[in-house]
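Structure first, then comments.
Per-chain numbering from 1; labels A, B, C and D assigned in written order.
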Amino acid sequence: MNHAILLISCPDRKGITAAVTNFVFIHGGNIISADQHIDEQSNTFFMRVEWSLKDFDLSTAKIETAFLPLAKKFSMAWSLYFSQQLPRVAIFVSKHLHCLYDLLLRHRQGQLPCQIRLIISNHADAKVIAKEFGVRFLECPITPQTKRAQEQKELLALKKEKIDMIVLARYHQILTQNILNHFPNRIINIHHSFLPAFAGGDPYRQAYQKGVKIIGATSHYVVRRLDAGPIIEQDTVRVTHRDALADLVRKGQDLERIVLNRAVRWHLQRKILCYNNKTVIFE
Amino acid sequence: MNHAILLISCPDRKGITAAVTNFVFIHGGNIISADQHIDEQSNTFFMRVEWSLKDFDLSTAKIETAFLPLAKKFSMAWSLYFSQQLPRVAIFVSKHLHCLYDLLLRHRQGQLPCQIRLIISNHADAKVIAKEFGVRFLECPITPQTKRAQEQKELLALKKEKIDMIVLARYHQILTQNILNHFPNRIINIHHSFLPAFAGGDPYRQAYQKGVKIIGATSHYVVRRLDAGPIIEQDTVRVTHRDALADLVRKGQDLERIVLNRAVRWHLQRKILCYNNKTVIFE
Amino acid sequence: MNHAILLISCPDRKGITAAVTNFVFIHGGNIISADQHIDEQSNTFFMRVEWSLKDFDLSTAKIETAFLPLAKKFSMAWSLYFSQQLPRVAIFVSKHLHCLYDLLLRHRQGQLPCQIRLIISNHADAKVIAKEFGVRFLECPITPQTKRAQEQKELLALKKEKIDMIVLARYHQILTQNILNHFPNRIINIHHSFLPAFAGGDPYRQAYQKGVKIIGATSHYVVRRLDAGPIIEQDTVRVTHRDALADLVRKGQDLERIVLNRAVRWHLQRKILCYNNKTVIFE
Amino acid sequence: MNHAILLISCPDRKGITAAVTNFVFIHGGNIISADQHIDEQSNTFFMRVEWSLKDFDLSTAKIETAFLPLAKKFSMAWSLYFSQQLPRVAIFVSKHLHCLYDLLLRHRQGQLPCQIRLIISNHADAKVIAKEFGVRFLECPITPQTKRAQEQKELLALKKEKIDMIVLARYHQILTQNILNHFPNRIINIHHSFLPAFAGGDPYRQAYQKGVKIIGATSHYVVRRLDAGPIIEQDTVRVTHRDALADLVRKGQDLERIVLNRAVRWHLQRKILCYNNKTVIFE
């Protein structure tokens, strides 16, 4: 059964919820879920509404036009999605493959509503897994000299596969502005620390040397500044003086998988709105 | 600033959200928050909507009448609350006073929107705390012979103080049906285990003997069957073989305080709906 | 580098720690870790000591004999293990394969010090995974009529592969006493609830219907009574009224993997001692 | 019953555990608990051993002298404590009183083995609580001009009360080197963030603006560099976009209480060893 999902943000004022839910009602839609949030600091209204298209009297092609006057009236930033239109995903990975494996397995179990079209890596290690799961694999080894050219190659492949979103599943290269520009708030990274603590390289070692009693993992949208984009999800696990660096890595990898998976799933389910370098998540 | 809060449950069908939010809009109300949930198994719709009464064109006394036709149309079970009308609370306690202390301190900090009117105990231990916080104290020692008469005394006091809700903050007596009847879904108990595990007496000892690796606490509405009412909140904490029974008690008491406080606060904020011996919590 | 690991339990009295650590010292061993615990209720002493065999003046074959007088003096129940002697493991599984996959991946990553020799299932689903990871697969479909004969077949295979421990990675059959007798405290099960709550069949549905706010998973040694053996590890995750039964399953499967993995790893590292239907875990 | 507790750190080599436990044994002591840890990076050995003094053949006054040769042989840094000798504690507090209240209540419940001798504040707010619990209160209002003189006054009071350890229970002043010098690794602070994230002022606001999905609290020993001393304990709690700054404060205060209490209790139980700006905690 196809659903429509509407994500809205606009200045808060009276009557928005009534207007939006009425729009769905008068066209015969049955609301499956409706969530709203008001950020009082910025007086911004956020809404996610999902309704069944069964008996809806507008075809999917005509909903945008029909909604436009209402959107204009309230100065909305908005987007419309359909649950049957599965986003096309590319996964970037380097040598640590646990997150890649995890995403592929969950996808196979039906937990991730998307098409995984492409795996890109600067190493060959993931090739055999890509083959095992029947996903196209693109190896792009990167040196300072080749980085620019390789990214062009990657962009071409992303374009050819009509990729909607990118997951950096432990990809140890910094994407250049060129790629970022094509995927605003559509690239999700997993960072293996509890951000903003231990941004940058080797966060488990940083945590180990600091002697923290809890480690974390953070998934966030990628922005120009390293590890500084809007945080989508975080989780933590307890460590003790008994845990060597290798134990932090082992414990942390469980977090990475879970935290990245949650962020990707919520993105695919259109449950995330970004504002002010933060996220609203209608979980 | 006074807010109105409407809690609704009814059979799900098209147009409920639109109708309710439109009702608020046409009378000039500004929605602060709106949450809904659909239980698919029973096809039941739940909603909580809170709006500011500033510029609302109906006086508080007239809202119910104005809403009635809409409520009838959708066969709603519903209740209307006002944030400025602080519920009147009675706390029952026996000899463990940590939960009582915690509620009184949080109330003093402004975290609990209510009036604490009465403390009732079958022991004298809490008397000095009641005095310290300026709350009326009623001592009702209970023996099998006096139980009935004492409960009558308690009921009278509850009635005289116009009590809206009761908190059992480690009260080690079973309330009789007589009291339960007067406070349906308005008596909150804290049980010191992760229900349904270890219902009944001495749950920490039960947990210790079973050798569990995690203990918990559960707050729930009180129903006739012991420790079996709708669960409002639970939380857990890790224990090890090193923890003696006294350590379980110590760790558990931190949980009890936090879990009971959350449940009471959500109840006071009118965030809880009961159905089917479960709770919907619009946190 | 080979290590020796000694697990000891005996009545508590003065001088046990001194005697054991002195035994290691006089033979030239360097202690890597030493843990002890005293259960005050039963006055039982538990110890785990691990030392490097580099420069140890007894060969592995002679340690037992050398230690025997000391063990007798203190009436010890004890076992001696060597880190280079990898336990031989069999995994039983039915149709849910996420735990099996997880164990195989962790083993491949070097996180589980064992040899996975055998996968046994009452269904064919795991066959392809077994092949992928190069593990022998034995399919034993079970009906009430064939159960006895199939278990004989399983026992033969376990014997032939010299299996040391069995992991029930979501195996939906009850093992008969015959198999249990051969592997006392050497069969680990994962139960998908927070035991002792929701023992038996379909625990996610039980949890859903009860309306708990937290679900859990429990790994335990298998004993004759269903889901009642010594608990090794538990963990929990929060759920809300928004989570349908399928969400409980999804969230719970992450717990199952993590909790089962911890229990198996600790067992393989010889960190678990059982007593009184409980476990001491020298993590 | 009086116990002796020995905390040891020294370069790792063979025979330390045997030597120490043998020392206890030959003098007739019964070991209650013995823990050890080896930091492989620095090859440092840490030990905590606690034994009953019942039937011990050395008086408390003579244990140090008797142990000295052994300590010298292994180049130990060590300290000896007795459980009946309750540490004398001073609590510093400013205007947020929830941690102070919590420590006093737990002390009254018998959870903190110490004498609370003194409460010092730069404000008068805590005066009434100090009186309620019968603890001496010293008000030292601080301005840039008076800071030096006031700290002299504080030092005098600390000396007069023979204070062993200081707890900064939300004390919003930076202690000068003068006080730090007198209490090395004996001043515990609670910082209301998950350090090293959000050190310095107003951490809840920092966390709110960053949009983190989890907040934390950290207790640590105070060193010269702000919020940078050895971490003793941390804990975290989940927040969402729905939580306003005030909610972060409310949720965080529960963490602060629990985390500070754990750290203080472990310190009082002599379970903490410091090295390399980190802590070993024999919990």
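Methods note: a contact is a pair of C-beta atoms (placed from the backbone, for glycine too) under 8 Å apart; a residue touches a chain by one contact, two chains touch by 3 or more.
Just so we're clear, the structure is a prediction, and the values are computed from it rather than from any experiment.
Student: In contact with subunit B and with subunit C at once: which chains are those? Just list them.
Tutor: A, D
Student: Compute the centre of every chain as the mean of its C-alpha atoms, then state which one is farthest from the centre of subunit D.
Tutor: A
Student: Just how far, in Å, is the C-alpha centre of subunit D from the one of subunit A?
Tutor: It comes to 42 Å between the two C-alpha centres.
Student: Could you state the distance in Å from the CA-based centre of subunit B to that of subunit D?
Tutor: 37
Student: Would you please write down the residue numbers of subunit C that are in contact with two or more other chains?
Tutor: In subunit C, residues 37, 242, 283 touch at least two other chains, as defined above.
Student: Show me the residue ranges of subunit A that touch subunit D in the complex, using the header's touch definition.
Tutor: Contact set of subunit A toward subunit D: 37, 39-40, 194-198, 210-214, 216, 230-236, 240-242, 244, 276-281, 283.
Student: So in the complex, which bits of subunit A are touching subunit C?
Tutor: For subunit A paired with subunit C, touching residues are 98, 101, 105, 109, 111, 132, 242, 250, 254, 258, 283.
Student: Flag every residue of subunit A that touches subunit B in the complex, lowest number first.
Tutor: It comes out as residues 13-15, 17-18, 21-22, 24-25, 28-38.
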